[in-house]
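When the chains are written out, they are named A, B, C, D, E, F and G in that same order, and each has its own residue count from 1.
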């Protein structure tokens, strides 16, 4: 995967060098072009080496969906803040995740933190449980489900496979 | 803005001195920090204010085409900031050491040896 | 407000993984950025001082996330030795023109510019010395304190 | 001559340094040194007789008009002969008196040093070189008085003597310098020609006061006489030499020397007469009540010095002649008496005249010598003292006004002095020889011979006064008077009122001597007056000064850092503020100033709040967070005004500072505050005044235009010459690179300092 | 001509310090390197002094930028005198330190801080740029902070915090003054400043700025009422450290004051009168402070304050002759004060105390040492013809000439008190029998080997001899000081030399 | 209406208002942690302010400053967190 | 078109920052403040910076801005996590209307198993 990424970057740099313009549209174009070429060439490869080409679109998808979630949560929070009364039901939830590496845990924690209205307070000693502070945790299961099917699932998709 | 900054300079100096006159060593240090910042802003002010025009020649130019902020005070302040950091760092550690040896950070309790004859 | 019981001592190791992992990715970024800031100081804002500060902040971050001992493993010699090294580089770059019969600290330039960095002169080495001094200084201060907290 | 002087000093230091290297045998012959000098000076007598002064120029510091020009005239020679002559005798005397003393080398070192210094005083033509030697005599006197320095009384006396004479010396130096300012010369020869210039100067009274202070302290005039009785703690040879015959006469010498320059017939003369008059009477009166031989002699010496000062004040020819004669007379008999006292002390280990009697049988030779001295002191005819006493009365009687009164005082003084002389020279030898002194050892020849020589001279000059007169006194007189006169010393003046007064003096002196009862009571009587005595006043003054010094020092240096700071700030604010308001009209030039934007105002408000919080909060952490905000806001200000480099550095440093604080603060207790509202109000006022002042100064500086020559040069050449575009950075690494280098070193020192400070763990055993 | 040579002594100290850093914790190596570096620097300083005296002004424009744009180093007569003094004191104290200090202090970097400090002093004396002067000041200050507090106990820490605070305050005032100065002139080169200030019509503001400099330097040089840090701190560090402090640190403030008030500002009547009033108060305060002190160091501390008053007074009188006195006194004072502090160190080694009431009998036990010490003491009190005496002639003379009778009185008072307290201390320390029995354990000095004794006593002897030389060769010294004073009071030659100095890039 | 005026009169005022509100929280506290996140928020908002300002002054040099703010701004927060934890008290 | 984008993004960004600040002002306890502010501001700043990137539309500047945003997205949540965690450890109280605190349960459970 790393090899492919580097190759792709190299190709885009070559493109920039060839055209002689170092600006970002040119670079992005070079990257896209390189990606396409590599994708074409990758058909001969074994499947496990090809996952790069599936993951890049996934990452892009993930970023967009995350921004969308973030926006949505933000609006929710905005409503909470702007309205005179506080209707929220905050609390701390113990959330058992299925992640493996520290990097994954960090990513999840950061994403939870970035999402308005949620916040990780603590990680249990066996690293299995995240204690999450949420604004609306009246329905614990729903909250857990939202995290599990939302962030965690997408995260595992892009980080694994 | 000059007037505002001048006022700020005054405030920095006043607050710095006021803090230095407190009993706590930490406040003393904070006071010194404020004084240093006040002096920096004063120097900055002395170069005359130029809004948003750093003294850096544009990427494609070989000379200044526009007005630019006086670079000399900036260089002086940079030096002063760094020196003041050095002194502050040392002073902070000294504070720690004083606390460790005397068991107090109360400046009023550090007056014994001056009274010896 | 609910009064909480005194919690038990947290296990810092598990809690720190977030900071540790983030730090592991940030440090190369910070170090690269610091070199970037150092090199182009002559043209854009930056220079040895800020560069050095950023580089040292990278290590400080590491030491906050892990421990001082862990961070010190990056260094073959203690960061203290960076100080005389940095001073030596600065002074030597200042002294070089003296050998050519010019005043101390006169900047000597290599005729042809080098890629990425641009014109290379003794000023760059001077700034490099400053860069090293700042790293040495900051790390010496912070690490010494951390050991004594 | 300068060679001789320098040689004397060299020998002095050689002796001082010799340690135990020179055996005490060496000191048996040490009298050769002064003797050689004495012979040299005697040889010079002929030159003087030819009528010319000897003048040897010797360059020293031409820039200051200071030289070592030596001048030997009658007056100098009189003193030089006294110094070397009596010196010879005392040196010989002491070699036995202090035999086997472990620090004999120091003793003779100091003595030789003193002798050289004293010769320097009388030979110098230059006021500054005179002062140099003058101070050296004080110092050597200090060391000699404190010679037995393990006794507290010795140390105290030495200190007291040094204190008084040195203080006077400093004033005198001031006087000399003042004279130089007026005349442009330090040379006494020149000054004599310029005496009108000095006397007509508005500062002449000040000159007089300063010179008098010098002379009076040195010559123990009232009220500065008190150090002299204390100086008797010195070994007796020292007392005889320094504190009677020579050093104390330095003041007299100076007055005599300066008479042609400063005598104005008014201030000079009346001051000398009054001070001398009081001194001679006061001290003479006191001397009679003492029981310690040396104490009696000390007071009578003071009185004698008073007489000479008094005579110089009278200022007629008789007086001057009397003065020079009395200098010699006194030196001879007083030295003899002192040495006698030493012999007695040496023999019976006491100097209390109420205890001692009948020594005549044991040491007849000493008795006769002492008797001669005592008689000379009383002015008995055929003694040299008689001649001088006559001249004194002549002088007082020749006064235009108050002659009778003043003569009366002089007679009274002389009666007391006569009595005092008898008390020392006769009392110990008369009467029954007590049992307890049976096994005393008889004085060595080295002890009695000097006394005998001195007394012989007294007798010799008494019988043949012309020897002394033509020998040296006449020439000394001429130097004071600046003209010769018809007065000459005669053994017999015929029957006149002077003889009558002399007779009265002698008779009453004897009467007093016999009527007086010798017991401790008299001492108690005089000590009752100690409360108002000058010494007591000086002591009280010293104690008051000490106390004042204590409270004054404590007032300022009171241990509280904040008081120090507040003093500094107040001083700065008042001084600079006063200057600002008195010289600069406060103006605000609004037209050149840019207006402010709301975002700048926002930052301003943020800083304000943060600073306020820093001040008010009781939590250390909150204070630090506030400081963080202040720092970041400053960083934003730098951004707004085109200083990205500054902003970056400020931010990075600020972050580091916060980290540092946080790391260190970890264990400190919460803030302590001052409860007192007064303190807070005071601090607020002081700091507001200071800040306000800085603000006003900055404002005025903004109004003042300046050329941007330097920054323009940098901007113009940054690319062409320094190949950079960021001017700030180029300034830092090129234009003003040296600052940066040193700044890096500052940082390094701080870091290593932090390292050492924290790592170093001192143990109690290590002191340095 | 390129006179990089000016920087040679500075660089030698710098290189020595850097080398010492590489030999961290190696005590013997530290001592050797330090001594070698010190000696080389000493020789260079001596040469710098003589070259300057022969050739007039030595000027270096660092970076090859002509004045007033680069940083200029100037060695004029005054600077070179200060450099020479620094060299003498640093060599003496350097040798002394290697025997006087305990091993841990050396291990924890005493020597390199020492060299940095000396380097800072040399730099300050040679700087021709006001901001560069500030930076050198900071080098000295931070080094002194470290030396002040290194390995200190409670006393030293307590003193340290006061010392640090007040010195940092002084730096801020100095920096502020520089800022204002730049604001009204737009330049930092001292020669250029001189011209620009002379042209400036805002005389009031100029005078105010000058006063700010006065206060800034006043704190550093410990004048009344800004002197508190000195008696609070000088008695706490080890004698070697105190020796450099007392000899050179306050004098750096004086140096700067003289430089600024002769070259940049021509003091007006108000400033001159301020100087004189302050001088009088400083002398009196110092003298009174010394009277009751039992600790020798505290006593000397106050005497330092007292004698700073002499110097300030001389500057206040502001005549060429007064300046002659100031420079002469400065030369004398640097040597004597450093020496005295080292002497207290030796006394402490001998008796474990420097409290005069608990000392005694030194004259009997150490007669030769006592003699050497007495030279220093006599020089201090100005017994003629020793070094302290000569400048008093100018001080007294010029104060009378200027009609300053109170100042005249203060001089006499201060001289007298100095003499008295020193004589008193002498009687107590050297004459009085020792109040406590001297045992082997107390006298750490006697048990030292020859070389250590030599290293302790030789510097003291050397400085005493220098004092003696200054006093006995007053003529030569006057020639030097007169020339220097003339240069200072007529700065046009300096300005001309700096601004018209040719350089080739 | 140019971008500059829009930024000047709409964007910057909003950010400034935010800063003032944040400072209000800073003043109120009540705990140090509240103040610390206020500080953190000021720094982050400062990045935005610098961004807006660079549009305003049409000078990209300031972005370097915002980069440094973004990179090391959280260091003080981390330090405070460490401190509070070790100090184990919330004064 | 670019002007519109710049205006939209910058306004959006500013508003997000405002929301964050209002959040920190209005929210009742530390945890709620922490959970609404840090990210809102991050998003806001991201938007403003995006506007800047479009404004300059230069490669080097855009990459720089990407870097800034990336850094912000890495560092901000880490800082927030650290301080929030510390807040909990140092007994900063929850809002009294909070519905549950499972962390406390867990900790007290472990501490006092007999309960």
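Here is the rule we use: a contact is a pair of C-beta atoms (placed from the backbone, for glycine too) under 8 Å apart; a residue touches a chain by one contact, two chains touch by 3 or more.
Because the structure is a prediction, the values reported are computed rather than measured.
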item	value
Per Cα centroids, the chain farthest from subunit A	D
Farthest chain (mean CA position) relative to subunit C	D
Which of A-C and C-E has more C-beta contact pairs	C-E
Centre-to-centre distance between subunit G and subunit A (centres being mean Cα positions), rounded to whole Å	16
Between subunit C and subunit B, distance of the C-alpha-averaged centres to the nearest whole Å	23
Chain centre separation (subunit A, subunit B; CA means) in Å	43
Separation of mean Cα positions, subunit F and subunit B [Å, integer]	21
Sequence positions of subunit A contacting 2 or more other chains	109-110, 120, 122, 124
Subunit B: positions in contact with at least two other chains	20, 28, 38, 42, 45-47, 51-54, 56, 72, 78-79, 82-83, 86-87, 89-90, 93-97, 107, 110, 112-114, 117
Junction residues of subunit E, two or more chains touched	14, 21, 62-63, 131, 135, 138, 142, 145-146, 149, 152-153, 161-162, 165, 169, 176, 180, 182-183, 188, 231-232, 292, 505
All chain pairs that touch each other	A-C, A-G, B-C, B-D, B-E, B-F, C-D, C-E, C-F, C-G, D-E, D-F, F-G
Subunit C residues touching subunit A - in the complex, by the definition given at the top	10-11, 14-15, 17-18, 20-22
Subunit D-facing residues of subunit E, complex	14, 21, 62-63, 65, 68-71, 100-102, 104-105, 108-109, 112-113, 116, 119, 123, 131-132, 135-136, 138-139, 142-143, 145-146, 149-153, 161-162, 165-166, 169, 173, 176, 180, 182-188, 196, 200, 202-205, 207-209, 211-212, 215, 219, 225-226, 228-229, 231-232, 238-240, 270, 274, 285, 288-289, 291-292, 302, 345, 348-349, 352, 363, 367-368, 371, 378, 383-385, 389-390, 392-393, 396-397, 400-401, 408, 412, 415-416, 419-420, 423-424, 427-428, 430-433, 474-475, 478-479, 482, 505
Footprint of subunit G on subunit A - complex, ascending	22-24, 26-27, 70-71, 74, 77-78, 80-82, 86, 88-94, 109-111, 113-122, 124, 129, 131, 133-135, 137-138, 140
Of all residues in subunit A, those that touch subunit C in their complex	102-103, 105-106, 109-110, 120, 122-127
Partner subunit A, residues of subunit G touching it in the complex	16, 19, 22-23, 26-29, 31-32, 34-36, 38-40, 42-43, 58-60, 62-63, 73-74, 76-78, 80-81, 84-85, 88, 94-95, 97-104, 106
